[in-house]
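Shared between the two complexes below is chain A, which has chain B as its partner in the first and chain C in the second.
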Partner chain A sequence: MNADVIIVGSGIIGAACADELARRGLEVLVLDDRRGGATAAGMGHLVALDDNPAELKLSDHSIGRWREWARDMDQGCAYRNNGSLWLAANEQEMAVAEAKLKTLREAGMACELLGAEALRATEPELRDGLPGALKVAGDGILYAPNAARWLLTRGGRRIAERQGRVAAIEADEVRLDDGTRLRAPVVVLANGIHAPELAPDLPIEPKKGHLLITDRYPGRVSHTLIELGYVTSAHNASGPSVACNIQPRPTGQLFIGSSRQFGTSDPAVDGPMLARMLRRAVDYMPGLAKLNGIRAWTGFRAASPDGLPLIGEHPRRPGLWLAVGHEGLGVTTAPGTAELLAAQLFGETPPFAAEPYLPERFLGARDAQRTSIPSEAGR
Partner chain B sequence: MSERYDLLIVGAGPAGLAAALAAADSGLAIALIDDNPAPGGQIWRDGPGVRLPARARRQREALARHANITLLSGTRVVACADDRRLLVEDADSGRLIGYRKLLLCTGARELLLPFPGWTLPGVTGAGGLQALIKGGLPVRGERVVIAGSGPLLLASAATAQKAGAQVLRVAEQASHAAVAGFAARLLQWPGKAVQALGLHQPGYRCNARVVAALGSERLEAVLIQRGGRREELPCERLACGFGLVPNTQLGEALGCEVRAGALAVDDLQRTRLAEVFAAGECTGFGGSELSLVEGAIAGHAAVGQTARAEALLPERARWRRFARQLARSFALDPALKDLPRPDTLVCRCEDVPYSALAGHDGWVGAKLASRCGMGACQGRVCGAVAGYLFGWTPTRPRLPLSPARVDTLLCLEETALPSATGEPVE
Partner chain C sequence: MIDLTLDGRPVRVAAGSTVAAALAIGGDGTSRTAVGGARRAPLCGMGICQECRVTVDGVRRLACQTLCAPGMQVETRP
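Coming up: the complex of A and B.
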């Protein structure tokens, strides 16, 4: 055996799983082919989403972990607990804000409604006439590539990394494309949109997103600004869609999102799509039109049919564990994902219910008993 | 009606100007785009501190006589859009401009290599110093050191001297033998022979390289190494240039082929896309004479005057020989790769030191981890440096090709998906 666990993919999910398992005493080998994934492309907004109770549980729990870890993270991870403002464009969206306030408060999260005036005072760059916003105080931001790096290195020697492309996984054997064979009793698939290459039955599809970053304009925006229309239009639509998402980076730059497109795997920046996305952001922040954009790029989210990740053992491939399908929320939900996976692997009671995320919901019932490692194995 | 030209030329340096003039008598609608306030490019840069050479003046006058040539100065190409259109931006606004044929004369930029102190105020590129002086920077009475490689150092020295600066030293990294051999051969290119005189200028030293720029707030002195000896020269300015890097971004974004760092063209300056031509230093370094003749060939070819284009091929062959000679004589000494210290900045936009890059195995990983190349210059400077120091190839350029106002990018809303590139010739 080459390790107790082999993890395929060193994005934020693979890194969080490696960290969690190594802290529980396992020897972890992380493989990555460096083709680049969502972690390198995404916005790193740590945001509590509440499309359904499971999503809220996973994101809220995870954001709490990031806040604890932030004390030890290096500068490069660029963590800030700057809070999010969900912007209401009209009275209907204000009602959505109120409903959201109720849901989040019930979950114990700190949030408040801002009226038109309070909103203008908080974020003067926003256009006049917005009726208000919901402020979620616990949300934050992160530079995900460096946070992944930090997770892979903070534990010391238990995590080994190796560059290589996994070509196939058969039982406890992982075969690289150069013919190398590596073995471990547990293999975790954390390779984002590429997971179906190694497990063709996974219902995961790439969802393309565009991003643009501006030059440095410090002090113009302090919270991450997202439109509430995001909940109703962008998140659930099947056609291409855009939503206003403006994030102030610690450098003073503004990070602008977001767009969603299915049915393409071309990474090129589409001019028209980028322009639609920027139009939406300018609608909310008119002064943005005169600022310089310096770079634009795209990334692909690994989307599952119900928008929730698949976390747990593959029901028909004993020893193959899944941590995939995190859509547009994987940076946020990486800590909770790792904890759920570890709890199942060690046969413990998870910190919150694991059922909504089990792969069985798409892959059918399990034939064999779950592989597990007795808790004393490590340490 | 949208704005559309039969021939759109990007870059109004010698190649672009020659191309416009060559194509002018076709009577077709031609436009010449350049982000500088006036045509002329780097070599014929205009400004308050300039008296343009006769040839440049004649070209400009000729340009003005042709009613079918539109000059779009102060205009930058931001992106290629659909349907043979480019998104451009000037000081006021952004717009889409269409073309039937496109000619890229986007030139080259200086290769700036990092060494301790290279980011101190007072240190510029060799071409950069020329541009500043032509733009009106007063240097009278200042002590100047020029370092790096190639004839551009001499041109920079000449500009500084003419503006009243005292050039203490021109430090050429190439060996004396290489430079002397080059000078001897200059007689084969009569127009260039006069440059050989510069090689005899009193401060000119071969085998010499800058090892550090010294100073606290700004440049105070330069440390030059020659063989085993080091000399410290107190001065106000240091201008460095280590050769040129072709500007291939727009060509690459369109889908043209890049070979050995330059846009690849055939005999008639055609790229692999049927409607796109390229000429001048974006296709490889060769000096202004080569750019002029390449530009003329491309201009003729782009408007269908093939015979007139072909008549210029022998002249181009002659200047290409010169270019090869130049490249051989001034090849960079690998020892220059050892100039940066761990804390020497490589990326000035994002303050990334050499040590943050050295351990990585490629541009993408290094960029993600260190933010190198993520600033406003989009890796134009540090991408070329990383290419030289580590042999990394930067990723294919994406839109926007240069920083652009958000409202300019909004013009792309009305374009079609996907952003079309042209059809390959074959």
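Coming up: the complex of A and C.
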């Protein structure tokens, strides 16, 4: 055996799983072919989403972990607990803000409604006439590639990394494209949109997104600004959509999203889509139009049919564990994902119910008993 | 010839010069200060690398893609 666990993918999900399992005493080998993934492309907004109770539980729990970890993270991880403002564009969206306030408060999260005046005072760059916003205090931001690196290195020697492209996984054997064979009793698939290459039955589809970053303009925006249309309409349709998402980076740069497109795997920036996305952001923050955008790029989210990740052992491939399908929320939900996976692997009671995220919901019932590592095995 | 101001000092350049040329003629050639504090200068000269960002009359512009105009105020600091 080459390790207790082999993890395929060193993005934020693979890194968080490696960290969690190494801290429990396992020897972890992380493989990545450096083709790059969503972790390097995304926004790193740590945001509690509540499309359903399971999404809220996973994101809220995970944001709490990031907040604890932030004390030890290096500057490069660029963690800030700057909070999010969910912007209401009309009275209907204000009602949505109120409903969201109730849901989040019931979950014990700190949030408050800002009226038109309070919103203007908080974020003067926003356009006139917005009726208000919901402020979620616990949300934050992160520079995800460096956070992944931090997770892979903070534990010391129990995590080994190796560059290589995994061509196939058969039982406890991982075959690289150069013919190398590596073995471990547990293999974790954490390779984002590429997971179906190694497990063709996974219902994962790429969802393309555009981003743009501006030059440095410190002090103009302090919270991450997201439109409530993000939840009410825009992104719930199946066609291409855009929503206003403006995130202040610690450097003073403004990070602008977001767009969503299915049915394409072309990474090229799509001019009209980018323009639509920027127009949407300018709608909310008119002054943005005068700022200098220095770079635009795209990335792909790994979308599952119900928007929740698949966390747990593959029901028909004993020893193959899944941590995939995190869509547009994987940076946020990486810590909770790792905890759920580890709890199942060690046969422990997870910190919250694991059922909504089990791969069985798409892949069918389990053949055999789940593989598990008795807790005493942790050295 | 065109007269403009670079970080408060007068500079004279030939008509048709870019602001990047004015940086070289009237200053030390640098355009901006990076997050880490180092000075940076135009590199690609074709609007791609973004190293030549300066403030022209209060608006952030690419020096290599901007032609000098009479009375223009160009700032490279902070």
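The definition used in the following text is that the second predicted complex is superposed on the first by the 378 of 379 C-alpha atoms of A that agree within 3 Å, B and C clash if a C-alpha of one lies under 4 Å from a C-alpha of the other, contacts with A are read in each partner's own complex, and residues count from 1 in each chain.
What we mean here is this: contacts are C-beta pairs under 8 Å (C-beta built on N, C-alpha and C of every residue); 3 or more make two chains touch, one makes a residue touch a chain.
Remember, predicted model here, so these are calculated numbers, not experimental data.
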Chain A as common anchor, with chain B and chain C clashing or fitting:
clash
Is A:271 contacted by the first partner chain B, the second partner chain C, both or neither?
first
What is the contact status of A:279 with respect to chain B (first) and chain C (second): first, second, both, or neither?
first
In the superposed arrangement, which partner chain does A:36 touch: chain B (first), chain C (second), both, or neither?
first
Using the touch criterion from the header, give the chain among chain B and chain C with more contacted residues in chain A.
B
Mind working out whether A:146 is in touch with chain B, chain C, both or neither, as first, second, both or neither?
first
Examine A:215 and indicate which partner it touches, taking first as chain B and second as chain C; both and neither are also allowed.
both
Quick one: classify A:292 as touching chain B (first), chain C (second), both or neither.
both
With chain A superposed, which of the segments 132-140, 186-194 or 330-338 in chain B collides sterically with chain C?
132-140
Both chain B and chain C contact which residues of chain A?
215, 290-292, 294-295
Listed in rising order, the residues of chain C that touch chain A in the complex are 35, 50, 53, 59-62
Looking at the complex, which residues from chain A come into contact with chain C?
215-217, 251, 290-292, 294-295
Interface residues, chain B side, partner chain A - complex:
79, 81-82, 87, 362, 364-365, 368-369, 374-376, 378, 398-400, 403-407, 409-419
In the complex, chain A residues that touch chain B
34, 36, 40, 76, 145-146, 149, 212-215, 266, 268-276, 278-279, 281-282, 288-297
